[in-house]
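Across the two complexes that follow, subunit A remains constant while its partner is subunit B and subsequently subunit C.
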Partner chain A sequence: MTSRARWAGVLRTPVGAAAAVLLGAVLLLAVLAPLLWGGRADEVDTARILQPASAQHWAGTDNLGRDIFFRVLVATRTSVQLALLATALGVAVGLLLGTAPLLLGPRLGRLVTAAVNIAVAFPGLLLALSFAVIFGAGASGAVPAIGLAIAPGFARLTQTLSATVAGRDFVAAARIAGVGRFRVLLRHVLPNIAEPLLVNATMAAGGSLLAFAGLSFLGLGVQAPGYDWGRLLGEGLNGIYLNPAAALVPGVAVVLAGLAFNLVGEAAAKAVGPRTPTGTVRGDSFEDGPPAPVDRTGQSEAVLVVEDLKVSFGTVTPVRGVGFTLRRGEAVGIVGESGSGKSLTALAVAQLIEQPGRVAARRLDFLGDDLLRTPPRARPRLLGTSLAMVFQDPTTSFNPVQRIGRQLAEVAEQHLGDRRGPALARAVDRLRAVRIPGAARRARQFPHEFSGGMRQRAMIGMGLMGEPKLIIADEPTTALDVTVQRQVLALLAAVRAADDVAMLLISHDIGVVEQVCDRVLVMYAGRIVEDLPAAQLRDGARHPYTRALLGAVPDLATDRDQPLVVIPGRPADPAAPPPGCAFAPRCPLADDHCVRADPALLDDGLGGRVACWHAGELPEPVRAGAAVLSAATEGEGR
Partner chain B sequence: MSSTTASTAVFAHLLGNPWLRFAARRLGQLLVSVWVLVTGAFLMIHLIPGDPVRAALGNTAPVELVEARREALGLNNPLWQQYADYLRHLFSGDFGTSMLSGMPVSQVIGDRLPATAELAVLAFALAVVVSIPLGLAMAVLTRGGRRRPVELAFTSGSVLLAVVPEFLVAVGLVYVFSVELGWAPVAMRQGASSYVLPVLALSLGPASVLARIVRVETLAVLQAEYIRTARAKRLPDRRVYLRHALPNALTATITVGGLLLGGMVAGTVLAENVFAWPGLGSTIVSSILAKDYPVVQAVVLVYGLGVLLVNLVVDVALALLDPRSTIRES
Partner chain C sequence: MSELAFEDVTVRFGNGRRAMTAVDGVSLTVPSGAVVGLVGESGSGKSTLARAAVGLTPVSGGRILLDGRPLRPRGRRPLQMVFQDPYSSLDPRMTIGSSIAEAIPRGAVPGAAGRRDEVARLLELVDLPADRAGCYPAELSGGQRQRVALARALAGRPDVVIADEITSALDVSIQGTVLNLVRDLHRSLRLSMLFITHDLAVVRYVSDYIAVMYLGRIVEYGPAESVLQDPQHPYTRELLAAARRPGRSAPADLDTAPAQVADAEPADPHHPPSGCRFHPRCPAGPLVHADRAVCRDAAPTGDGRRNRAACHFADRAADRADTPPPGGPPGDPRS
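And then the complex of A and B:
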């Protein structure tokens, strides 16, 4: 977007347009009012002094019988003019100070920066008052006083902005090319920071308008017989009992003009700055896909039963009917690319999807309780003690300002009714259980004092505060280095073995899942496309996507002279799922039927489930032992 | 020898303590700022074009009187000596003598400071007490795009209040509560009810800005993964917001809002002038107008110290609240 288009965009927002109209009116009034009503504003009428508001004098009269309403209108010019003068001065001085580090070199520049930093700490009004002492009371003193008072803030802004630009490549290139400092500043730095500076100058103009009104109100600004809004306000305040309008009308004028400058500035800042999406789309209907097949195997000892689970955000449904069962002690892995819906499935099962996300399911049973129908009151205790969560990034998953021990103890206090002391003792005991050395001392530390692997172990320890029957681990090792990965996986395995705990492991790393889990669910575009025992993964995978995933994992036998294998094409767009099989566009086996009809997830009679019209077929041409490879690398121009 | 190594070891140990390092660095920063402030106040008088004594006494004053006053103020001495005298006097608590009333300036300050300090502290407290719960509640109510109308009302209301300067708020409050309703006195400091309007006028603007900051910071914190962790622990909402979200939102708020609270110290000047409050704010204005420079100098110094004090409190609060505090480290 060009800068002109962006500024025009300001006018298209309601607030921006209103502010621009208001600002235009203020500026127009500043030009025209003295010409039109200058005479009436100065007309002395000793017969009608200090009159309250009336039909003739909308805001009453002052102590010489002059009409206050017209004086307010005429004062627009003085007020706006002086404010703009002060702003111009402040911006100029601020620019000089702010670009000093670039022009004067590092040593002198640092001195200027330090001075600016100290000056910024003092409020503008205090600076303005001090400068007013030096320059004396009166408009000619107040302009430099306010100008110099806003300069440090502007200098600071210029410094930070120009420092970021000056660090960029094109400026470095210009420097190396021997372009002088001044030229670098004028040609390369300033044009790139002009927009935010302009936005801030607009707001500064609003600020100095208010500041000027303040100084004049105090009697330090415009002196009689001159007058601006601040002075009129000060005069009106003395008679506020007799004629409130005399104080309120100039006050309203100041506020309106100040708002006009500020709002234009803010609207421009929004247009110029990074755009944030506003408004969430709302939609109520779930897309109707074929109902997910029901998996009824061994539900008697089921820890978790999920049927036809859907997660939607507005009109987008990233999880489109997922069903599976977890038995006691069983470890199930969910694999798939980013965006396949595997993490959302985990969060939905854990009841952690927040608005505007919506979760629906035909069935979502945890330990025999239907989570979607359990009264909200009864849920926290059940989930808080029996379901443990382990998240991907242990660095951000702990509250940075609370001690680790407290964060664990909280669970026992909340759900087990423990007091502070016993809860903390239990927390230390759990930290010990996850093999954190010096657990008692560590419990008193903050998360940032832990290493990544230790944090993840503490996270697992947090899950062990209750008596978990299910651990949901969402990419628990992705953020860790390889040796620590293995420790964390071993710990999870030990925890499971000790108490027959079931685990749902989300991972994009098919190797980890194969190693840790009993069963693997392969997800693609919000659906489960294959469900098979982990032991059969290498040889028994029947879905082309599963094979492609396996093929994309390099191992020791991978030919290192060949480019690494990737799955061609891009994952399906969750906003627009295709009518047929979502994998068809990337599938080497796909035919017309695949594009038109969506395959259902069907039991294959071998202990697995697969959703593919060509399940188990090999792509043409079959190359001995390299079927997967050719499927995966098709379209790479080999 | 052994005592040297021992003391070096102690020293090294002290240096290793982040709190002591923080205290040492922050103290150094404060001293530099105070020095800049004092020097600025000293130079202020000397930067006034022309003869400040002549300006103060007027054009009709006899030359001998002006000369005698210059001599008494030490203005005929070389600049460095005046600076040294100024610093020495400051250390002994001597701020000079008012050119108008002939009273010691320290006495003027002593008389006026309590009224201003009361006003500032009350307004400061009110702003904090109102803005934190309000901002938090607004964040919770409007998170994830909930309750758009509430959000719109809050943001536009707080923007409006933030842009109206305290003296205009004061005038509006006087009009509504004193003139129209007659609930509170128009001006002066007499009894508890006379505090209501000045404190309100001074704190409304900062409170609304602070509430906005609290809301924005809380919304950001609510997106954080540790909040999801807290929810995964199935803590009650109240605990998630108060124990996990609020402390984190506050550290960010204090960083952004710290300067604002310092600005309230200066804001007292305007509020005091609307309400004829017998504090430093009305003193500095009348002194500037009367060109009573020793008083002006001292009041500027006191205000500046107030601001530095607030900034110090803010930094210490930040260091205490946030264990990772960058303030302590950098």
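And then the complex of A and C:
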């Protein structure tokens, strides 16, 4: 979405529309009121001094008989003008101080940062008051006072935001290209932090309007004969028992104008900030597409049976009818690119899809229990003891402030009803089982004291606290170094062999899956496009996507003189699945039929399933790829 | 095209007890017109070395030479870098055309029209249509962005290009395209390149020479064929064993390390082990062979060893005929 469209969208929300109308009215009044009613506001009428509100004078009159209502309207200009002036000063000083560390280099920059940090520690109003005393009472003193009070907070915000942007690679690239510091600031840093700064400046304007009213009220702001809302409020307050309207009207004006600025800021923040997709689920979204065929082979031993699984977020359905069966001790791998729905499939099986996601399936049986119809209260027990989950990023999957041993023991306490002592003993035992050296000592350590590989082992150990029948590993080795990867894969294989545990391994790396799994499911755009034994992957793959995946990544036997297989185009957009085969736009075999009709995943009679109208055919470009593959096999023999 | 040489380069971060030596006395040469693949795990210092070369990280010791002359400490260097993450390496607020134009040296092409033509030429060089110059990065896929990043690097008329993990953030189906492009560019422009990756299979595909880095030190360096076919350092062998190869292997074969070091943790770069930094994990080291205490006490050098392997027990260069001479790599094997 372009930023213009985003801003237009904000204007259509109730808050955005109200804020815009309110701010427009305030600004319009600031411009027009002195021109229209300037005369009437200054009209002295000694015959009617200090009159209460009446039909003639809506808010009464002051001690010179002037109409307070018109004075409030006319005061809009002074109040808004001074507030904006103070904000502009504050923003300018804040920008200078905030960007100084970037321009001055690390050493001087640190000094500026420290100074700003100290200034931020003082309350803004206190700063404004003391500055107002220093600069003297009057508008010319109050503007720098409030401006300087705004500056530290704004400087800090600028600093934080610009430091984040300055750390990004594109700034590094610009510096390598010889772009100077000042130009980097103007061209790369400021445009990327402008939106949040603008939002903040708008809010600051609302704040400074209030602060100005406060100073004037105290007699430190605008001096007679000038007047602004704060001053009118102060004057009106003297006679509040005689004429409450004289104090209320300027008060309401301050509140409304302040609200106008702050609401605009809020609405703008919503436009700038991250948004969560909203939308309603279409009634038919679960009905479209050909039904996924049922895989009924050997369901007696099945640990997990999935039929026609769909996961949707609003109108987007990233998983569109996935079906497979996992038998005892079997290892099945799911490969696919990012956005193919492989991780969501795993999360859906583990019942970890959060709102607003929706999971639907014709069948989702785990150990014979239908997960979709199990009462939610019984689910954690079933999943907690029989299912182990290993995530990609071991840094985020542990609670950083709890010792590893405790976190493992908690599983046993929660799900198996163990007491504290035995639970901890089991935790140490499980850590030993996943070959963590010095298990008893390491159980007392915190997650940050573990290396990535060790943390991943501990995660597997946590899965082993119960008696898992199924391990779901979602990219378990992607965040790890290659040599550690091998250790973790070997560990998973050992765990599986020891207890005949089934495993569902999700990976983008077809090589990893090929090495560890018995069967491979290839996913593309939310569907399984091929399901085949891992041993047949190299020469039995029949879907063009599977073949291309194998050829696109070099391995140690790839012919260096041949170009790698290229899959043209970009991965399918889960938000807009095409009516036909999702891979057709990138497929060398695609014809009109492929674009129109989505092929079903059909049993190929050779122990696999494939969803392709041209399964097994070889086009020209892929033949070149096949040549690479055959050369590769020769290379291996060398 | 030029030769980039690191001479005993050291990069240290922090000071006092929290100091960390990310790069420890590295000497490495990128011969003119050759691609040198630098492999190593995270924390090995390979990216730091790259950032030091382009001036993003100050060097604490040693020199970086281009054609024998030290690089200027400030300002534009004749080196360009391509970053790992194409989503953060392009300014989202700038069209890709102006991102590329920014990197063209001042005075290299005359006038605005000249710059526009140059941008078009560069885009076509990386197989993108020239009319995409007005696009913003958000409109491009990851692979296309990485190609724009390559075009921007080439815009600086670099003598040497440094590619830091340029394929690891890309989807599998797109990696091939970028690797093909790197190879084509290298062949057509005769670029000197330092190609950094953690993936030996990728490095094998694009490199003429391979350098292996472990905990801030180069542990092996030689012609690609020699390093891959006949690795001398145990760490290189371990990396090779972990790399992708076609076909299946039984689970038991996944981890073939001796039991003493099979579950060893990667060393902490803040507290590197004494002597040979690989010894706590080494299948040929003191944990497996009790008589090899020398690994704990003395840091090995690669001088005089085959592939300059920094291992006390690697083959001596004299044992073989086809050995790179010490101090530098041999000429391009294809010339």
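Here, the second predicted complex is superposed on the first by the 325 of 638 C-alpha atoms of A that agree within 3 Å, B and C clash if a C-alpha of one lies under 4 Å from a C-alpha of the other, contacts with A are read in each partner's own complex, and residues count from 1 in each chain.
As a convention for this text, a contact is a pair of C-beta atoms (placed from the backbone, for glycine too) under 8 Å apart; a residue touches a chain by one contact, two chains touch by 3 or more.
Nothing here was measured: the structure is a model prediction, and the numbers come from that model.
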Which of the two partners, first being subunit B and second being subunit C, lies in contact with A:A172: first, second, both, or neither? second
Identify the partner contact of A:T396: answer first if only subunit B is touched, second if only subunit C is, both if each is, neither if none is. first
For A:A552, decide between first (touching subunit B), second (touching subunit C), both and neither. second
State whether A:P563 touches subunit B only (first), subunit C only (second), both chains, or neither. second
Classify the contacts of A:A137 with the two partner chains as first (subunit B alone), second (subunit C alone), both, or neither. first
Between subunit B (first) and subunit C (second), which, if any, makes contact with A:R373: first, second, both or neither? neither
So in the superposed three-chain picture, is A:A121 touching just subunit B, just subunit C, both, or none of them (first/second/both/neither)? first
Contact residues common to both interfaces of subunit A (with subunit B and with subunit C): none
Subunit B contacts subunit A in the complex at 32-33, 36, 40-41, 44, 47-48, 55, 143-146, 159-160, 163-165, 167-168, 171-172, 174-175, 179, 186, 224-226, 228-236, 239, 243-244, 247-248, 251, 259, 262-263, 265-267, 269-270, 273-274, 284-285, 288-289, 293, 296, 300, 303-304, 307-308, 311, 321-324
Subunit C touches which residues of subunit A in the complex? 168-170, 172-179, 187-188, 191-192, 337-338, 435-437, 451, 453-454, 481-487, 489-490, 493-494, 496-497, 508-511, 514-516, 534-535, 538, 548-549, 551-558, 560, 563-567, 570-571, 586, 629, 632-633, 636
List of subunit C residues in touch with subunit A within their complex: 41-42, 51, 54-56, 75-77, 79-81, 83-85, 88-94, 99, 102-103, 105, 141, 143-144, 149, 152, 155-156, 171-177, 179-180, 183, 198-202, 204-205, 228, 238-249, 251-252, 254-255, 262-266
Flag every residue of subunit A that touches subunit B in the complex, lowest number first. 115, 118, 120-126, 129-130, 132-134, 136-137, 206, 210-211, 213-214, 217-220, 233, 237, 240-241, 244, 247-248, 251, 254-255, 258-259, 262-263, 266, 279-280, 350, 352, 354-356, 379-381, 383-384, 389, 391, 393, 396-402, 410-411, 414-415, 446, 448, 459, 462
